[in-house]
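These are the structures in question, set out in turn.
One chain, subunit A, links the two complexes that follow: it is found with subunit B in the first and with subunit C in the second.
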Partner chain A sequence: MDAFKSIINSLSEPQIMFSFLVLVFFFIFPPSDKLYRIHKKLRLDLLWTNVGGVFIFTGLFVFFGLGVTDENFRLIVTKPDNVPIVGLLFLTIFFLWLSMKQGRDNDIRLAEGQKPNEYHDPEDKVLVWPDLVYIELIAIVLCSILLMVWSIYLKAPLEGPANLADSPNPSKAPWYFLGLQEMLVYFDPWLAGVVLPSFIVLGLMAIPYIDSNRKGQGYYTFNERKTEISLFLFGWLLLWVFLIFVGTFLRGPNWNFFGPFEEWSLSKVVPLTNINLSELVYVRWLKTGLPDNIFLREFFGISFVVGYYLILPPLLARTILKKFYSKMGIFAFSMFVILLLTSVTLPIKMYLRWTLNLKYIVAIPEFFFNI
Partner chain B sequence: MTEDAINQNPNENPESQNKPEVSPPASPVGEKTPPIEAKEKVSRRSFLTSATLAWGAFAVATAGILTGAGRFFFPNVLFEPPQTFKAGYPDEYTIGEVSERWKEKFGVWIVREKGMIYALSTVCTHLGCTPNWLGNEKKFKCPCHGSGFRSTGINFEGPAPRPLERYRIVLADDGQIFVDKTKKYQHEKGQWSDSESFIAV
Partner chain C sequence: MADPKKKTMFQKIAESQFLKSIFRTGIPHTRRQRMMAVLNNVFLHLHPVRLPKHAVKVKYTWCMGGLSFFVFLVLTVTGILLMFYYRPTVEYAYGDIIDLAEQVPLGIMREIHRWGAHLMIITVWLHMFRVFMTGSYKPPREFNWVIGVLLLVLTMLLSFTGYLLPWDQLAIWAITVGSNMARATPFLGHEGPGAALLAIGDINLVHAASDVRFALLGGRFVGEATLLRFYVLHCIGFPFIIMIFMVVHFWRIRKDGGISGPT
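Up next is the complex of A and B:
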């Protein structure tokens, strides 16, 4: 059991877990035809069947069931603040499974030349009275009971009077902001707190204008919209839900990483000394020392960022995103590719921090400008 | 769904659409509105006068409310500790140690090194949390995003983009350390060599 726990602990190092999830993600939600064929060949689509659902949830329940026998795991999972996140994990996976299952069923029907399941919806109508109203009544009663039990058994996380000099350790944002808090570890506040959240909101609003695929309107499908679904789920599952999960369960005192079965020790020492790109280039590689001129100093970082946004879009338009470029036209494509590139900056910075201990690509603290 | 709705009552929809077109102009709606001639004519001059009066009154009222709201930014009483304080004699601080004596009351760490004493701000330069001094590891560590600072205030871990700020610190006439939080010295601006950013001992 202890060996199992230590294996889980070391696997949940974010470097390992995130890399693993990214790798597996594109086989489970393949964005291209090629990967989709591999996905089919590996029979990964069986996850989206009833048997697959039983398999997924048995796995989850066994993990949590065995996990709560461990004291550290129990402490984190049953903390009143964290209970909703446990619920969120199960609900996210359940609804993901449900919609993917409906998509898979329809894909099979469509491949056989049949109409999608939803086509028959108007035939099985439900009457408002009494059918719908009764369902709503039952839902209200159940929700009220749930809320009462919740409020009785889970104490509100209240603390002593506010004191400037005493920050709780770790200091955690409300659960829905933990993704942002995790982003703040890798970015300057104005980027992770202002620019990127605005991009998320604007990007979500832009989806109907960017997504030119007319397939899948009014019915679930995966195969007909695999690129769209795959890209959206990458952002939703790996760059948002995963970050909330990490922030809730794996970030402990001093904002260090802790495995799910590891004790939250205040004295855990992790060497995290990090440097800016300018220091890496001038001090480590060229061994000349930092130039006094800010723009000379940040030349490499600025050219990296400018190149990322100016060179990559046309390059992508001519290579792997060629199909999109010809279908979308230049305006929608530029919007799409800039949103895509911006969302990818997060994993890029995470990996740069984990491998090169890189703090900022462009660091001009003189003007509060750090990327 | 929309197709269904149309098919269910095919007789009603076209009728309701056609009605306004077929019926004569003397519809019930037209009768209710009074003829334009019956209204008293408003002259251009009186309109301008009343409009100026109305907008003027509106502007005055808005300005009054804004002034009243702006007054809240300058409260009569401020419940915050004074910005300057005396922090005792230099001998009270051990060389090579970070003193947390004034952290809670004034938000200042007094650090004594060999040859100098300086006052560090307890505000993390990343997003403003209060870091903790970890004596064993000789570093300040922020519990919010994991920024780390050396005892000098230099940032070396996590996302903090610049070192902790130092406050003006001088020796008062009675030989005590005098800390003035209204003036701060930032390393990235090259201000730490300023003579009042530290006390030479």
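Up next is the complex of A and C:
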């Protein structure tokens, strides 16, 4: 059992788990026709059947059931403010399964030339009283019972009185912002806390104006909207929900990584060996020492960033995203590419950190301008 | 079988002058009465009278939008009750929270409020997820999706401002960590890129006592002024704004053609 636990601990290192999830993700939620055929060939769509659902949830329950026998695991999972996140995990996976299952069912029907399951004769309507109001009543009653039972059995957390002189270690933001706090590992606060969240909000708002696919409205489907669904789920599941899990469950004192079965020890030491791109280029590769001129020093980093945002989009428009460009037009396409590239900066920065120990691509601490 | 002309007690009460003055349609038996029951009720009138069949299926809607609204109402009611006992000052706040659990009869209002806040974030997220997966944001419903994103942001801001009010270690440090990022806002935060450019001669316009974090906290660190600010925003400011957007959101559902569905 201990060996098993330590395997899980090391597998849940962000490097390994994130790489694994990214790899698997595009086969489970294929964004292109080519990957979709592989997805079908591997029979991965069977996840979205009743058998697949039983399989997923048995796995989850077994993991949590065995997990809570471990003291460290129980300690994090049952912390009152963490309980909703455990709930979120189960709910997210359940509703993911539910929507994908209905999508799969509809895809099969659509391929046979039938209408989706949601379709009914437009003349054949039901009355809101009683057909909807009683469902609403049941939903309200169940929701109230849930809230009351939850409130009776789980006390709201209350720690010692506020004291700015005594900072807990780790200090964590409320759980729904822990994705942002986790981004602080890879980005400076002006990006992780201000610019990227603004991009998330603006990007979400922009979805209907970017998405030019008119198919798949008003029913669940995957095949008709694979690119949209794949990209949205990538952002939502991997760059948002996953980071919240890491930030909540796997980050302990000093924001160090701890496996789910590992004790949050204050004495865990992680060497800080991160270096900037300028140091990497001038000191390690060219062996000359950093130049005094800021722009000369950061030349490589700045060219990298400028190239990323100015040269890459037209290049993408002519190559792999050609179809999108011709379909969307220049304005929507620019918006789409900028959002896409910006969201990909996070994985890029993660991998640069994990492979080259890179801290900043552009480091101008003189003006608080670090990327 | 009892005499059909003989009225039961229940029917007599339902048809009394008093109840008829409130619910004009009486017990809805006929199709017409059922339609009038929705039309004549200001709250039920949020709904259309008739719906396509898929729209009442839990499998399709997951009830998440409606539940978000319901949990919001629960939070409003419990929040009002909590306001009777809670004083947003550094001296009293923490003690009032302890009293809420120990002195107030049926003291689970704070629990319902706190877990309800978490629940609302989850239901709003899942509602967004459902709307995305059914492609319901597509024309003509684009703008309502935008409003929805704003409502999501406001929900998190409501929860965030409420997080400080218990004035315990958890609260003050979560808000400290959360608001520390504001000082790095480009141009507006004193540790943000570009802030140094906003200067007249060698006088900085953006410094620790004039930047956006200072405006948020009412000071250079989380203190008395922050508590009051967050209290006002949490109880009045954000609820006021979110209600306006909710009204628009609900109204637009109807105006944009009702619930989405296949054609």
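In the analysis below, the second predicted complex is superposed on the first by the 362 of 371 C-alpha atoms of A that agree within 3 Å, B and C clash if a C-alpha of one lies under 4 Å from a C-alpha of the other, contacts with A are read in each partner's own complex, and residues count from 1 in each chain.
We take it that a contact is a pair of C-beta atoms (placed from the backbone, for glycine too) under 8 Å apart; a residue touches a chain by one contact, two chains touch by 3 or more.
Predicted model only: the values in this text are computed from it and were never measured.
Look at A:Leu272: by the touch rule set out above, it reaches subunit B but stays clear of subunit C.
In the superposed model, A:Pro122 lies in contact with both subunit B and subunit C. Here subunit B and subunit C are compared by how many residues of subunit A each touches, and C touches more. Look at A:Val201: by the touch rule set out above, it reaches subunit C but stays clear of subunit B. Looking at the shared chain after the overlay, A:Tyr220 reaches subunit C, while subunit B stays out of its contact range. Of the two partner chains placed around the shared chain by superposition, subunit C is the only one that A:Leu180 touches, whereas subunit B remains out of contact. Legend: residue contacts after superposition of the two complexes on their common chain; A:Glu13 is shown touching neither subunit B nor subunit C.
Of the two partner chains, subunit B and subunit C are each touched by A:Asp188. In the superposition on chain A, A:Asp105 makes contact with neither subunit B nor subunit C.
Shared interface residues of subunit A, touching subunit B in one complex and subunit C in the other, are 122, 163-164, 166-168, 171, 181, 184, 188-189, 193, 368.
Per the touch definition, subunit B reaches subunit A in the complex via residues 1, 4, 103-104, 107, 122, 126-127, 129-132, 134, 136-137, 141-146, 148, 156-159, 161-162, 188-189. Chain contact summary for the complex, subunit A toward subunit B: residues 122, 163-171, 181, 184-189, 193, 253-256, 267, 269, 272-274, 359-360, 363, 365-366, 368, 370. Residues 28, 31, 34-35, 37-38, 44, 47-60, 62-63, 66-67, 70-71, 74, 90, 94, 97-98, 101, 108, 110-112, 114-116, 118-119, 121-122, 125-126, 128-130, 132-139, 141-142, 145-146, 149-150, 152-153, 156, 159-160, 163, 166-174, 176-178, 180-186, 189, 191-196, 221-223, 260-263 of subunit C are the ones touching subunit A in the complex. Here subunit A touches subunit C in the complex through residues 81, 84, 87-88, 91-92, 95-96, 98-99, 102-103, 115-120, 122, 124-133, 135-136, 139-140, 143-144, 146-148, 150-152, 154-164, 166-168, 171-174, 176-177, 180-181, 184, 188-190, 192-195, 201, 204-205, 207-209, 211, 214-221, 225, 228-229, 232, 236, 367-369, going by the rule given at the top.
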